[in-house]
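Two complexes come next, and they have one chain in common, chain A, joined by chain B in the first and chain C in the second.
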Partner chain A sequence: MIEVLSNAALATIQDRGRQGYLRYGVGTSGAMDRVALAIGNLMLGNPDDAAGIEIPLFPFRVRFTQDAAFALTGADCSARLGERPVLPWWTLQAKKDDVLTIGVPASGARCYLLLKGGVDVPVVLGSRSTQLRGEFGGFLGRQLKKGDVVHAAAVESVHSETNDAAGFGVTPPSWTLGELDTSPVTDSADTVVRVLPAAEYESYEQDSIEAFWRESWKVTPQSDRYGYRLGGPVLISKHPVEMRSHGIVPGVIQVPPSGQPIIQLRDAQPSGGYPKIGTVIEADLWRLAQARIGSKLRFVQAGYEEAVDALDELDRYMTKLRNLVGLHRGTRP
Partner chain B sequence: MSPILERVLDATTTGAMTSERPQQNVQRNAHMMTPSDPDQQPRISLLGTSAMLFEAPGELDLQTQRRIWALGQRAATWEGIREAVPGMSNLMLTFDRPPRQPASLAAALHDAWEAAEELSLEGKTVVLPVQYGGDFGPHLSDVVAHTGLTVDEIVALHSEPLYTVYALGSHPGYCYLGGMDPRIAAPRRKVPVLGLPGGAVSIGGVQTGVSASAGPSGWNTIGHTDMSFFDPTRTNPAMLAPGDMIRFSVERIVR
Partner chain C sequence: MTQRKELQISELRQITGWLETAGIGFIEIGGNGTLVRLTLEGDGAANLPPASPALSGRETHVIATSPGVLLTCHPMRSTPIVEPGAAVREGDVLGLLRIAQLCLPVIAPSDGVIVKWLVEPGTTVGYGTALMTLAPAGNL
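So, the complex of A and B:
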């Protein structure tokens, strides 16, 4: 269906994630930017649990080995299908032998390439996501490489609106959902996310707690799907802390003894013992997914109610989009 | 308001409670760092909107862990709970959807803990030959430095007990073991080490375990064993389960 032409370091097959196996030590994996994955699937009329390709390194090139509809979401990539520009957050029909080139994004860090029908790889422990540590799921449990041929699941061939030459797109969620404000005002290039204080928050020195909220945190080069290691002021706890190992989830901000925080992400281990100063709220993890290495993060304190409201807001946004796309496609949502 | 509700709300609201006199307010402070104080109540906190963590008071021992297993079995049946995940004398509950009233869930956890009897899981025993030290045990010297014991003493103390699998976590098939001699405890590393091979036998704080596949770790790697712990093609993919037992036999010591 598509053949990978790039040395596609770090590109992986991901879906919504693998749920229900934490007690076997299996983390959720799944798309770092689940909003982008979900929107791509919506645009193509795919099932919600369909898998796509997460691309964090550019340029990335594939060749279509047969006609196929695809969508590009996530980072603001400069893509071309043959010589023809493809807008971000857009779906189009490719012809056999078309080459899709996804260039370096103007903004954002991860692009999602979705195929109509969804990527056809076996479901392992309830998900198609790649479990890199366990070497299973996704494409043979590993990152894609040059020469790999990725197939889409067969779909009934009906007359399709995606045959129309122009395709269609949606506005990026960052426009609709808006960027978040901070005080003092953030550099517009910074990524702002909301954080709930976690269990060990109070064990940090007051100066450290103030710095945590006030300062910008650099996303260091040792940042990936496992987690973002941040650089900034050293966070100092009032006394050494040795926790017993316990379950953790994506978004948890751990502070190892170096005092430099690490945000646990989709490939993070599902348990840990470093103290937790906060948790990036689930509704903002997609924002974090698009923060580039070398860019800066800012944390805004949120309350629990607000964090749950933010998830509801995200749901409403997705429902609205589902209805709009349904109208456009002339199908029931 | 009961202390348990206050603790959850502390953990979920601003977190801005001043901590000038934390010692006077152990009961209502969710952020206290005394997990092993036997007189303390359980600690209940939220991991964002995704999960709730229950930490049992008291020592890290088999009696406590058996009650955690019981609590997990119970809580896994509650509405809105996606998964109950035992840790080391603690239990994480993940949510299908975040509860609007987390305090009620915390209260339910608290009550269920009070009622929890020890659940005795009698599992199988596995013997794992270990090569201690050398290239596969790069941090054995750090444990020597920290404990003041010799390599031989550390190996003897580590390979002596029959360890019980308390919980699985960290990565697919990894077992957290209870029963390590506290004399060989050594703090987790300041910076996690990347790219350790599978089969790494390591010490983190008062805990020990064996990695099931290659990856990063913040623990002190003291040796290596060969064992396959995980098969994703099986419905129950992990080879070992809570209640199973492991004994390390000394295959070789590399100095």
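So, the complex of A and C:
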């Protein structure tokens, strides 16, 4: 279906994640930007649980070994299909032997390549996501490499579909959901995410808590699917916080003894013993996924109600998009 | 409009009413192998742009194949998809017609050189609006 032509490492097969196995010590994995993955699947008319390819290193090149529809979402990577440019957040029909080149992103960090029908890999523990630590799921439990041939699940050709050679696109989620603002001094290049104070929030010095909300946090090079290690003011607790390992979920912001926070993400271990100062709300994890190494994050305090409302807002946005795309594709949503 | 449901005459009146209000000349409703075309006589129809190849010389118009808000830049970018003076090939994406979150491509109907946009970016256009003038390749 597609053959990987580039040596770019770290590209993995991901779906919306492996739910329900945290208690057995199996992390969720899944796409870092689940909104981008979901929208790509919507545009292709794929099932919601279809898997795609998450690409964090560029350029990334593939050759189609047969005609196939694909979608590109996430970071804007100045992609080309043969010689022709492919716009971001776009779906298109490729022909056999077409080469798709996904370039270095102008903005954002991760690009998603979705195939019509979804990537066909075995479902392991309810998901097609790659579990890198456990070396299972996805494509043989590992990152893609040059020469790999990735197949899409066979689909019946639907005659009612629009047969536009130029394809169609959608606006990126930030166009509808907006960039979040903290204050007039916020640099527009900063990624702003909403954070709930977590269990050990009160254990920190007042100065540290103020700095946590006020300062920007650099995404250091030690940041990946496991977690983002941040650089900024040192966070100091009132007294040493020692805890047994306990369950953690993607989005949890831990503070190790260095005082430099770590945001645990999709490939994080499901347990840890560091104190937690906050949690990035679930509805903003896609924003985090597109923050590049070297860029700055800012945290804005949210309450529980706001976090739930934000999820509802995301849900409504996805429902609207599903209807719009369904109408355009000529299928009843 | 659907295979099972028949179109009522009252619905046709409603639709022509909407067309008149919006200043749209005609509407085509297609299904599986069927096409209904409703043409409005009078002012609405008079506003229709000339058909694609009806320009002086050999310039052509690029016609909107959908209603929508004309975008000359992708919503993620600040630079235009194409610039006047650029050579384009048949099938190239020149701009976008945005309907809510949906972005439909404005496609070059033939090889050519872009002369100019005829509509300001951000304008809501109807089906059939002339969007751009295209000169024959190498003949600007």
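To be clear about the criterion, the second predicted complex is superposed on the first by the 328 of 333 C-alpha atoms of A that agree within 3 Å, B and C clash if a C-alpha of one lies under 4 Å from a C-alpha of the other, contacts with A are read in each partner's own complex, and residues count from 1 in each chain.
The rule we apply is simple: a residue touches a chain if its C-beta (ideal position, glycine included) is under 8 Å from a C-beta of that chain, and two chains touch if they have at least 3 such contacts.
The shown structure was predicted, so the numbers you read here are calculated from the model rather than taken from an experiment.
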item: Which superposed partner A:V123 touches (first chain B, second chain C, both, neither); value: neither
item: Contacts of A:V104 with chain B and chain C, given as first, second, both or neither; value: neither
item: Partner chain(s) touched by A:I236 [first = chain B, second = chain C, both, neither]; value: neither
item: Which partner, chain B or chain C, touches more chain A residues; value: B
item: Chain B versus chain C as contact partner of A:A189, first or second or both or neither; value: neither
item: First (chain B), second (chain C), both or neither touched by A:L321; value: second
item: Chain B versus chain C as contact partner of A:V149, first or second or both or neither; value: neither
item: Which of chain B and chain C A:P172 touches, first, second, both or neither; value: second
item: Contact set on chain A toward chain B in their complex; value: 19-27, 124-125, 131, 133-137, 196-203, 226, 237-252, 256-258, 269-276, 279-283, 301, 303-304, 307-308, 311
item: Chain A - residues contacting chain C, complex; value: 76, 84-85, 87-90, 106-107, 160, 164-172, 175-176, 320-321, 324-325, 328
item: Contacting residues of chain C [partner chain A, same complex]; value: 32, 74-77, 81, 91-93, 96, 98-105, 107
item: Chain B residues within the chain A interface of the complex; value: 11-17, 19, 22, 29-33, 35, 43, 45-51, 53, 55, 60, 72, 82-92, 94, 98, 100, 102, 167-174, 176, 187-192, 204-207, 212-216, 218, 230, 232-233, 236-238
